[in-house]
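Once you scroll down, you'll see the structures, which are given as structure tokens.
Two complexes come next, and they have one chain in common, subunit A, joined by subunit B in the first and subunit C in the second.
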Partner chain A sequence: MSRPKPLVAALAVATIAATALSACSSSSAKKTNGGTGGGTGGVFTSIDANNKITAGAPMNPYNAAPNMFLGYNIMELGFTKNDPADPNALLPGLAASWTASDTGLTIQLQPGAKWSDGTPVTAADIKTSLAIAYTQGTAGPVAGAGGTVVAGSNFEVSDVKDLGGGKIEIDQQPGVKNLYFQRLVLTSTIVNDKVYGSQLPADIWTQIAAVQGTDAAAASAASTKLAAEGKTIAAFAPAKDISAGPFVETRVNPGEALLDRNPYFYAASKISPKQVILRSYSGNQQIWGYMNGGELDYAPYTSMPTNILNQVLKAGYTRIDAPSYVSASIAFNEKQAPYNLTPVRQALAYVIDRDAVTKVGEPVGGIAAPTTTGLVGSQSDTILSADQKAALNPYKPDPAKAASLLQGAGFTKDASGQWHLPDGTPWKITLQTVNGFSDWIAASTIVANELTQFGIPTTAAITADFATYQKEMGAGKYAVGWWLVALGPQTDKAYARIYGSADGFSVANGQATHNDSAAGNWEHTPATYTVNGQSINPGQLAAQLSVTPVSAQGPIIAQLAAATNQEVPMIQIWNYTHVMFTLDKRFTNYPKTGQDDLLANPPGVWMMQGYVQGK
Partner chain B sequence: MTATVNLAPAGLKPRTRHPAWAAFRRAVTRKPGRLAGLIIIVFFILLAICGPWFYGSLSVDPNELYAPPSAKHWLGTDFAGSDVLQEVVTGARYVLATAALSALFTSLFGVTVGLVAGYQRGMTDSVLMRLTDFVLTIPGLPLLIILSTVWSFGSPWEMGLVLGITGWGGVARAVRSQALSLRERGFLEAARGLGLSRRHIIVKEMLPNIAPYAAMQLMLSVIGFIGAEVGLFFLGLVPFSSTNWGVMLNQAVFSGGAMETSSALIYLLAPLVCILLLTLGIVLFLDAIDELFNPRLRERV
Partner chain C sequence: MTGFARRLAGKLLAGLVMVWVVVTFTFFLVHALPGKPGDVQYEQYIMMGMNSEQASAKVQAVYGFTSHAPLLSQYTGYLGKLAHGDLGQSISYSGVPVSHLIWSALPWTVIPVLSGLLVSFLIGVVAGIFAAVKRSSRWGGLLTVSGSLVAGVPAFVLALLLLVVFHTEWNLLPDAGTSDIQYTPGWNLPYIGSVFQHAVLPVCTYALLSYGGWLLAMKSSVVSVLGDDFILASELRGITPVTRARYIGRNAILPLFTVLALSFGVMFAGSFFIEDTFDYPGLGNLLLKSIGTRDYPVMAGAFLLITVSIIIANILADLCYTLIDPRVRR
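Right after this comes the complex of A and B.
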């Protein structure tokens, strides 16, 4: 997507075992400079795929496109491991440790945690940061559309208390039980109270209390106020960067951002690079150019053909693979005939050769989906039993079976080999994709070819940009188009991509309601499916996942996987792989394939753990 | 007094000669380069018209991605294992059709506005020239980018229309200058004196005299239109839903890494060579057209 490496990287999520972090840290500690301070490693050069350098943008992490970079000068209390077995598992950040309870969370700040101006990180910084998170509408699992704050369903922090000695208590809204409270709090961006506190109104926590209260009118008014305040904060442009991370930004221009080592960082001795330069780029091709010249010490994945992969490896780069819980799919609007017919969607799944399409569209960073269940293979593999997996239809390419399904549904084939709908109309497909998403475009070429060969003339149509694509898809304009499913290790999020707002389901406190005419519903699947003789409501099951502990999710996922596999609301084509590249020329001791918890994070986080040492 | 002698053999009709055709043939064949230019243009026109008939739909082969040139694939294959030669041939239709349609719209608007303005003068001239000035100031590239949110530009009609509508200003101005010069000539004064209608004078008297000049302007603008459309696709500024040379260039560079490895180099060079050849053909042929319609050049030869 150009092809947005950024998109892949942003959505790519790492996981598997929370491997021996302490062991890794101790091994790397040997390579530091005797604990007397790093900074001998010279300049570490990279790009930030999630956040391009934007000319004129402020050094404000709440801006939509800030000149701030996670893990370098944006800090969190903890960093995600993206572990599907435990979404609350995190790497330490500004919090050295934490204890969760039914009512909230108690954290212990890193001893010596300081800002780059030498002042300590305090409870006031945490309190201000969590209040700002409330105004941004992005912290909760069910934040309202468009970033609006939804009463009672958002961040659920009700208070922050300083217990002294760097210990801080963070209370959850009474009566709310959010399974992911710990992760949401700990992965919030932490900013300096002295810089950002003045941007908030004095009564910010009163407003938050009102949003969480039972008075609906007051909650709505407070929510509107918070959203407006969030815009003010997003537009704020601090005069200079004050960071609690390993680096502080000293200069940014359209070509690059320069970050110097923060001497006050709590683990400064582990940080080897003196400076970090994050280069600007306009597209994949420019990043390939940097890599071929050996200019980047770390590069995130960019959608690339195998010839470029070989060239990059030849230039001395090492490829690192980590799991990604994102899947590229072809989705249907079942409001438009004939896609309302299950045999039609099944037939198309039999016609499309996912291996061939992946080979063309995403040969380096994709693995052909073994079947279609709504989850990526590694998720369903670990959750489903052998029997449940065996019962899934793999939809191996089988034109005869596809033809039989279509004939059974009343479709006919003319003398020229073209299929006609039951009403006699020649069947043609327009497969919609997005300008710049090179992998989808390339894949569409071969999907169109396969369908045309089968007798359904298919053309790929391209929308000018992704924003327009989302808007038009939401309006139900496309009968057949590309879509991303999974989008993270959390299974409730994965199924919400299919049986969520895009399918007319709205969720509150684990209960789903369905409205086929709801705005944004472009899938229009039935509210219930009959699977193995049993009627199920996929939207309700997906909603249940959001309040069910991971250890108890198995039976629900088995039902959803079977239903999705049978009804094929989307055909999963490939599952992405989170591919990265490191260059062992100026720096060494990078995390390796298998260290998925680290690899879920940018290199700044690796450095905090003692990785990436100068040669 | 001179006696007229009929040299034609009895029973045979005199051979019909078309002076225009003979002049054209003389102009084209006088220099080998001109003939080569004509052959190149005709070749590409035939390629655009007939090529897709012979080739049919573009085939793909996931087992032969970026294959080198071989007996099976003379110019190798692309990212989808499609034959590059086949893409060049089938892609020619969009490029040439767009250029032709752009030229058609340009001539339709440009010549009409220029002729009417030049002949009428006065208020009509002022209004039409201000309109022309406005068209000349329309930034074609940003307009196309904005329009790409509405149109997919999958059909040459759409892009041809936009390029033509934004590109007729220069032709209108040039034609107006010629018309202003023409309207003072004796034959037009005579036509006006005879009371012929304005429409008759513009269409029957002025247009034939302007046509050669307009034709030359159009051929020159075709080169510009080809460059513009291919450039837009190459830069990825407009979404593409069809195979054409600009799309090939875009995918070779930005998806295939043609600037980084040699695998996609032919995929990049093939459309480039076609554009170069076609431009060369037009430039060479223009030399013949120039001579054909410029009496002073004919006299010097």
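Right after this comes the complex of A and C.
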């Protein structure tokens, strides 16, 4: 047995050393807790909500979990404005301007665009980046589950030509039309050819040409090769960060990244912070804690109750609201009775008080959905005419109407007030939600109370994690559960979310086919609806949206909105608002509510435009 | 072969068999988890505006390290690689070796847990002896209550409590991470000081959580030894209280020593809740993340490390026990 005395002595020494060392660095805690002051050269601190910053993960934007940050050291040719009227509208990035034509796009690079090693951004960088995009599934013909090339659903870049003077022509595959070609090309990540070019085979553009060719066998072989090359790119770990953005990565600690200002950035004079610290977070409470201590200059939205919002505002933060294109909904598996009956879904929509549920589930970042259309309220308000909006059923809480609908469908209510299915079985609902989704979980308790009070005993069940939820939902295990819909601002994507693969629709060459037994189909709605006396195919209409110019989409959207409103494949409960917080203490001149184009992007993009200046 | 060597060889062989059993069990267990790598990421890509084909292709590209071979063939392949010390590549950090992730996380678990363990053991044992000897006094009672109290508090509650008091309210200590990123890592005072500062709350949480267990175990053990005949005999023979205390201490600490040795093995599992609360990038945190992302190779690697360390600790505890307790050798 060891003698205690030396051990005690060693511990005493260690304790004294720890105290001394802590004293040496006592300013460090104050520094991070209170920030380093603004002014030019200050440190801007924020949270990166997308990445779990991990020491050792590659500085490669194509990796699954990269230590790279959009708008800081990841650059695009342009940045989204999230404009529902024109998804192709973008803010300038590495491209100062662009002109679209029938055959593609011509861009003009920013004068003086340079990498952080001082070398200029060239056409070769753009060409390499767009070739890599092909291998990552974000561009070009995409290999489907069986390796089949799915053409027409993406931008098909066929060539990139250097016209000199920073002008670059990007050609689209002849004969292919994609409404969002401009958006998809310009929002591709641009990387350095000298770093990434060697990761690509010399014949990459020959492979791309083969994929776009008419020889199906050659296209399939080339597609397989591209997919394999994509994996090589994803695993690549550059030795250091070479950035064309306003910042370049200096160091990564577990959970934290330090970026220094890039002196070669084309608009370096507009960038006020000398350094940026980005933190990852393990839970909402952590962000609330940071904000209570005034540690963050910018905080992305995290679900929070009203009392926390008040604390955060008291700590000096300003709330900024921007549009968000996500809606929380309660969706149904129509393969499970009685949810295959439209009156049942409509009745449930009448029972659930969306205002009351939103007040509990998402009081800060949610607005109760005005009704169910498949789009967020602000978007459907903009697109639909006054008559079309008036024709929508708002499903205001009305238990009498709900009861009437159920009685009409053969349901009965017993003396105790409980509803029974037409076959006499007592009707019970299990409302499924996911661990970690605190807003859904809180809202579920209210929904369960409302339904139980109405006479349908309802319990909220929680799935362990989202991967399991996806798996079990796809396997048809849940009859009623939470789901995110109205993902925009591209309306075709919003409707493809409802009438796409999750509903057994697949699209090829602009034609949608419906297969009720298709893998991943968990909604099981019918292939057609009858709306206002007309038979419509929602999957086909959603596919049609993707090839219809935004200006001509109105009539299709009106049909889809009316069908969704009538058939209620899901009940939209609330539409999320993109709430974020800024601290006007060390930095000032932040974008404000209403500047939606800027607010659709991270603060690095604001800085490029001259915002976020030191105090 | 000496008796000791024979005993060692037997235990090593049994340990190897146990490792194989656990490796096999965990391999199939983690693959039986519902969901697959990329499921969550797929949803995020959809929310970012990709259509389902694009999102699937992107998931295929970035999670392309997922094997589609039959499970049995994956298992034999895994065992073969394991025999060569290769734990495979991470799925969620496409292409990064699992061993790299584990080695990066290891120090951030071992240092705070070891510190917390030793501090709590020393304080708990001393307090346990005191609580046993003075069990009828108010102080003895208070110590026992304090032990029961902290032993019963869940880890995440204690961690959150310390976080709120020492960071949110008083702002004395940093709340997350391992050091201030503005200091260059290395053997320089500001960086090392910052590491110490960041470790204070996790170490205190570990120490407080296990202190109660040591105290109660030691108290119970001492009370039991106090009733032994040899203590009565030593009193009757007039042996000094100091010598008697040594007898008591040596005999009472034996059961705790086994637990301590096993705790060294268990420590490699870190603590999910503590590391998660303080965003401390140790093995527990890594394992938690890998479960969420269905990163099978990382999960299997972390479980393997935990298993092997517990088995080694067990073997060492057995062997050391023979050294410290002569009765076992007979």
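FYI, the second predicted complex is superposed on the first by the 555 of 615 C-alpha atoms of A that agree within 3 Å, B and C clash if a C-alpha of one lies under 4 Å from a C-alpha of the other, contacts with A are read in each partner's own complex, and residues count from 1 in each chain.
Throughout what follows, a residue touches a chain if its C-beta (ideal position, glycine included) is under 8 Å from a C-beta of that chain, and two chains touch if they have at least 3 such contacts.
This one's a predicted model, so the numbers in the text were calculated from it and none came from an experiment.
In the overlay built on the shared chain, the residue A:N340 is in contact with neither subunit B nor subunit C. In the superposition on chain A, A:Q407 makes contact with neither subunit B nor subunit C.
Residue contacts after overlaying the shared chain place A:V360 against subunit B, while subunit C stays out of touching range.
In the superposed pair of complexes, A:N63 makes contact with subunit C only, with no contact to subunit B. Look at A:Q566: by the touch rule set out above, it reaches neither subunit B nor subunit C. Within the superposed three-chain model, A:T119 lies out of touch with both subunit B and subunit C [touch as defined at top].
When subunit B and subunit C are set side by side, the one touching more residues of subunit A is C. By the touch criterion stated above, A:S269 is placed in contact with neither subunit B nor subunit C. In the overlay built on the shared chain, the residue A:Q108 is in contact with neither subunit B nor subunit C. Contacts of A:A461 after superposition on the shared chain: subunit B is touched, whereas subunit C is not.
In the superposition on chain A, the residues of subunit A touched by subunit B in one structure and by subunit C in the other are 283, 285, 289, 292, 465, 468. Contact residues on subunit A toward subunit C in their complex (touch as defined above): 1, 4, 7-8, 11, 18, 21-26, 28-29, 31-33, 43, 52, 54-58, 62-65, 135-138, 142-145, 150, 153-154, 227, 230-231, 233-237, 251, 253-258, 275, 277, 279-283, 285-286, 289-290, 292-293, 326, 465-472, 484, 487-488, 490, 492-493, 496-497, 500-502, 546. Every residue of subunit B that touches subunit A in the complex is listed here, in rising order: 57-60, 62, 65-66, 79-82, 148-149, 152, 154, 236, 238-241, 251, 253-257, 259-261, 263-264. Within the complex formed with subunit B, the residues of subunit A that make contact are 2, 283-285, 288-289, 292, 303-308, 310-311, 355-357, 359-360, 363, 435-436, 438, 441-442, 445-446, 449, 452, 459-465, 468.
The part of subunit C that touches subunit A in the complex is made up of residues 33-36, 39-43, 46-47, 49-65, 89, 91-96, 100-101, 104, 108, 118-119, 122, 160, 163-164, 167-168, 171-185, 189-194, 196-197, 200, 250, 253, 257, 276-277, 279, 281, 285, 289, 291-294, 324.
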